[in-house]
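Each chain gets a letter, A, B, C, D, E, F, G and H, in the order it is written, and its residues are counted from 1.
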């Protein structure tokens, strides 16, 4: 936007000098900052505005739609990234872009290189159980692609809290923490109570009975007694990794 | 019930001997084992059947109703106990029974003496925060009246988990544990993960926002990843203390 | 933990004597009490801490993961037990450990022998309908493996309450009771009202319409008018059997 | 409506004979069967259509509105009845109609006489606890006013099921049963399983914690395993008494 | 139960006369009134107690279990009836009992004859849409098997209310009405407002979006402004037909 | 209905003149304004009463039922339209009516021609994401068939609000707007805040985690801070297009 | 916005001519179109953008805040209107603006005159019961202030549907309809099925038991089987009246 | 914790040298890092562990309890801060500590000075409406006390989005943003889509009808389509300000 303000100023200077006609300036001031495929409008300004290009959510899109959008996006910006990608979606993308990479457990497709790390601060991904791994990996890979050092501490749920307490060094040396847990989600409060850094909690839909698809963990995390814990949607590893990166790269 | 079977046998013997007429025996076989006040039916067999007399829940009853029921109950059985009692209900009871005692924080009225402790095993009441104290006290006083050694460990919520871990001796020496917590209710899972004894979890309505009057804590406790944790209704300190006593006095 | 305290004391004595260097002692004081597979951390101290080894929940794990974890766990501790196990998971385990046993209806895999019963007190599993049997069996087999005499009383739902009342002997002679019921879950309150022993209620997801996957039964059991009834998560037969065993073996 | 069909036929005969003009007939065919107060439209045909006059629900109406509606209704039909009436509403009605009667516990106002009983079949009102009495009385008084013999069996909740089973004669001799219960609402299923007559279940908002204002009892009753049990809204004693009367007077 | 009371009296007379020993009488007084298959307890007294034999709910039972239970039940009582039966369950039953009949749309299996109608009063089944037909048929067939004249009025939803009002004769001549509707369930209130007979409302899971599997219709029916409407569980056509039969045959 | 009133008047005139017998007039006054297929009642007066013929909802109907109803409806009225139609339903319809058209993305079948547009005012369909397209198309095609100029503005979700603001001309020139969005549904409030025309919001079930099948979007839209926004059921594109047409053709 | 586009064009022409400096033009292009009170930002462009000035929602504001905002708003635009206003808020406003008017039942404050009606089309407000009147009046007064002829049809709930059908003339002659109903909210579907004009449904929080503060009516209205019915938030009479006005004045 | 590791090492060195006895060392290793008031355990290590002292939540505590805890806390650490403080709680605190300060709108009590700002990066608090101000102030004051430059942008809800867009400079120059909104909570998504910095969303309980005490806003924020938005509990301004401070002071 700072860019936009600058652009407007330059445009007006050109108008003042007569270098550009009023009609042209009008048109330009209204040019939408996106590419229109008719059925989709690619947000090509996302990189400028938010510091990272638009990321494609594959859910609810056909493999062909994913392939076409990824191909177009990767032309104008890189890295191009897609989440919740099935292996068949990856195959469709690969046909058009053989250099695409698939992170199977994280269900992420990548075209292009990961961003470079700008500092040596780490994002630590902590998970409660083995079943939470796909979501934990989604968070970890997202943060890696966005240019962060990522550390993992998996399967340290509170039923055996010494597994967590035995890894205090990892926990205390992290700059931002993402805690991924299903069932009662208590891990977020415990970790939050140990550190002086922000904790992003990701409730997962792992659990049975009255876990209600992750609602129990979500409510537990929202009601944490440890200030400094913030929450994203159920199973939203991507959102957690994205925000963790934003925070970790502050001052960039 | 074993008693009942015996009683039936004796009755039949009397019928066989002609000591009792068939009509009388019929009537007796149908005699209900309760006292009928018309608007209330006191379960006078509760003591025999369940090992402890009927306990009066004051909610939804007028002070006069409480006083009348307590007076009648305490005639035939002791101790007589009432929960969720307001101070005005206690005053009404006191007029009829000046020897009644009021546990203010626990909101419990007692007529008669606490049961004797039959062993030196302890019930430990653990609570997460200062605001959970009324429910924690309800559980503690209930277990004391029912004849148990009770220990208290209050304000050891997981935001500062060292307060809990610093009291491992208390925790490890208990025979049964009651864990009282609101907000995310994570304390129950942590405690459950540390001990080899049964843990009864009591969610409280303490919390704000999306705690929904204790639902967040309730769901957290039901979804615990620590087996050995069982749950009672929100704010039901009485039920937790009652069951803890049942367990603690097994083998009695 | 008592063990841990002892261990710390011994270590300090060795430090004092110079038998162990400070660096070594530091390291040892931090050694985590679990086996780290990278993607999983086996809680190898669970047996010491809680009296029974870690139990594997198969849901959300691949058959291979189950097989690997079971193989590792059974090396260091026994019995090794897995719940919610599909028949294909059992096949995977069998390849590595041909001595593994599969309880089909309870969906439990066992490597090793059931614990020995330390007393002749029984855990009674009561169920309301034929459809509740898998959960009831999960509770029963869990308690058997953990070393308890288990009795079963199935299909005694309240629509024909004489089926229940006709089995009072079984009910009154139990030391701990587990009541498994779906639909309105009323059976737990009825049983709870008859006995002087703790009742663990398991709501099941059996029912249709407004049973909401077991929520109706869960709420019914939480709101029981019979004190002495405690509740576990919907369909959590394992948790009920586990706690029943804990209670039944108190004094062990 | 049978009446209406007849009326239409008569009107057409008069039109055919020329006794009534077409315009007049048109108007009459459209005359609404209610009295219009502007802000309220009294359903003066209710008696003809449904067998009992419109009943006034006081909730959300001012005392003056109640008084005015009751005065108007009682002119054209009797008995006139109002539910959920506060004592101040009764005072307002009394000023206009000193012959009005107030059933305090049931919160019902009556102008006129109860209907005559047409047979000696009884409606039995069963309630679980003392706190359910206001709703149970609302059902009972409604059925009495509508012309039924009513019997009451109060405070027979399932925590002491012998209180219920000890009154089988009352239960088995009823023609229709209304079961009023809060908490887990199990009483409806138990009673339903004992009788061959229809049972109308009324969940009450009595309970605490996760009873959610009567939702637990409502769900329990809807999910009953005893066919022959039907349900009305939470605390809707009036609706239960009304339907019980409809059923009890069938064949009238 | 009246029967039971009589039986007890006779037994006591025999004991008095010495015709039966005390031990035998004890045993007999405890004989459970059901057949025990081990995994199922058939309620063989259901007919005596409730006026109709136990009905088998096929959901959650294997085809073999259904076939075995139906075979056993039909030996001692008739008609034998099963609900929610798949066609494969019917095939399994047919093998053992080739005379079994399958009502495909209603998903009901019948062995034996429908009860005889004892009077000429009709149960009217009203449904809102074509998609509600399976549930409406379940109600209709249930009432027919239980010995009632049944009339059907289908597809008269409130979007075109003249379809309903055009059938007033059918509606006004019914003795009991069952109204089956999904979506907003308004049909029950409309029908309830027209008649002086009891209306049993069945919410169905038909609808989309925020119908939440029938919850919208259920709430609508519970909150009806027409007294005389009572409700059963979502999609519970069987329960509605059963209760309608109970009511229609009162005085039997 | 105005038509009906007229019809009644004419009939009465004929009765007065003796041109028609009273019995015949009675019968005619009761003739239902629908075609009765037994299992379905086609609302053949819908066109007269509501300005557009009855539309068939295919959900819950067999392909054969859809084909039969469409064939019958299209005889007496046109266009005949069916929603939520699968391709197999379309094939069944095509066999009977080869002129039928299938809008694949919108899942709509049409027999006959779209209504003519009576004015040049446009209905604008705005959608948030690519995955919302099927619902957006259902709304668009419905409005087109009912005789409206329809404009589309797709994939303008609020994550890149310039895509929306860059299309203000389209937005400001619409006469009625339909906004289709899942996830948080914020688009409806934004659009509503920009225009002086009515906005119909359609929440979709697109989203994951705590979107609860569209509930998050539904609640967001109901709680809009922009007056002038009204809401239809989740995924109800048809209802939105239908109402948009009603509004757009007012004054017709 | 059309205005805004024009304004931008003019500004650019002035820049081209040198009549305005680039810095000034920059500033002007950024001038926010609202008045900033610091703690509140009055949307002074609302009239231009949306055709009616910003309306003040009093809930959550102090009487003084309401008075200050109303005074400021009424300086620059008229009419100034506030909803959910208590009588004390009105007193505070009156002190500053003695010409303010209070619609007590509708809880609306007005400064200035109602808009003029531009046509003779009517908005009809239909309500189900006497208790729904405050919300119905909020809708009616809102539409009147915004310049519409408003007609009222109150207390025509579906328990006595002839009250509604007896007023077909009113219903059929309306251009837009607002239907206000609590309890099951069925009235909206019935009215929707009768007319060819748009119906805006307003669920109210009137009802008891399982109406859940209006949720039952809300769900009923969202799930209507009558297309052409759209819904606003519970008790949102203002939003309904506002949208009804927007629709009624289309073509203005 | 890094501190703790160091402390342990030093202690062991003293043990090795014999400077401290084994018993003493044991005791010290177990000394809990909190002050025990019996009914409360003050987490006196919170400052060391988390970078800011324990903050007192006044809800559910008596004024006296608040005063006593604040007095004790402020002795050992500063600043001492309490949230959700009523004015009477402040009076109680003032008696003991006349230097205490009360932020009335934010309901915060402070003893001691705000932390010093370590950099010139700003936390921006954005709020949607005037009624959200108390929560917005709670967030703002918390961040100020914890040592941050705080900027405020209030009353910029999406109904008039130009108020927001007209303040892009403020928005784009913030380092961390807190967005406070009730109703549909759309503001968080809009702001999130504009910036490259983390956004902490706070749903408020402001709204009516189906806002369900803030649930609508909460769900909207969790389901945001703008990555980089994280959420705290309803009305939890404190938690948002706390986390914003943690993030803003990273690198400290």
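Criterion: a contact is a pair of C-beta atoms (placed from the backbone, for glycine too) under 8 Å apart; a residue touches a chain by one contact, two chains touch by 3 or more.
Keep in mind that what you see is a predicted model, and the values were worked out from it rather than measured.
Trainee: Out of curiosity, which chains are bumping into both subunit C and subunit F?
Mentor: A, D, E, H
Trainee: Where centres are the averaged C-alpha coordinates, which chain has the largest centre distance to subunit B?
Mentor: Max centre-to-centre separation from subunit B belongs to F.
Trainee: Taking contacts as defined above, which has more of them, F-H or D-F?
Mentor: F-H
Trainee: Roughly how big is the turn, in degrees to the nearest 5, that lines up subunit B with subunit H by CA atoms?
Mentor: Rotating subunit B by 90 degrees superposes it on subunit H.
Trainee: On a C-alpha centroid basis, what's the spacing between subunit D and subunit G, in Å?
Mentor: That pair's centroid distance is 38 Å.
Trainee: Between subunit D and subunit H, tell me the centre distance in angstrom, where each centre is the average of that chain's C-alpha atoms.
Mentor: One centre to the other, that is 54 Å.
Trainee: Scan subunit A for residues touching two or more other chains and write them down.
Mentor: Correct list: 49, 129, 159-160, 193-194, 209-211, 215, 218, 222-223, 233-234.
Trainee: Mind listing each pair of touching chains for me?
Mentor: Taking the chains two at a time, the touching pairs are A-B, A-C, A-F, A-G, A-H, B-C, B-D, B-E, B-H, C-D, C-E, C-H, D-E, D-F, D-G, E-F, E-G, F-G, F-H, G-H.
Trainee: Please output the residues of subunit D touching subunit C within their complex, sorted ascending.
Mentor: Touching subunit C: residues 128-129, 157-161, 183-186, 189-190, 192-194, 207, 209-212, 215-217, 219-226 of subunit D.
Trainee: Can you list the residues on subunit D that touch subunit B in the complex?
Mentor: Going by the criterion above, the answer is residues 129-131, 133, 154-156, 159-160, 162-163, 166-167, 206, 208-211.
Trainee: Report the residues of subunit C in contact with subunit H in the complex, numbered from low to high.
Mentor: 8-9, 12-13, 15-16, 18, 22, 25-26, 29
Trainee: In the complex, go through subunit A and note every residue touching subunit H.
Mentor: Residues 1-2, 5, 49-52, 55, 168, 171-172, 175, 193-198, 200, 218, 222-223, 227-234, 238-240, 242-243, 246-247, 250-251.
Trainee: Flag every residue of subunit F that touches subunit E in the complex, lowest number first.
Mentor: Within the complex, subunit F touches subunit E at residues 30-34, 38-41, 43, 45-46, 49, 54, 59-61, 65, 84, 203, 205, 214-215, 218, 233-236.
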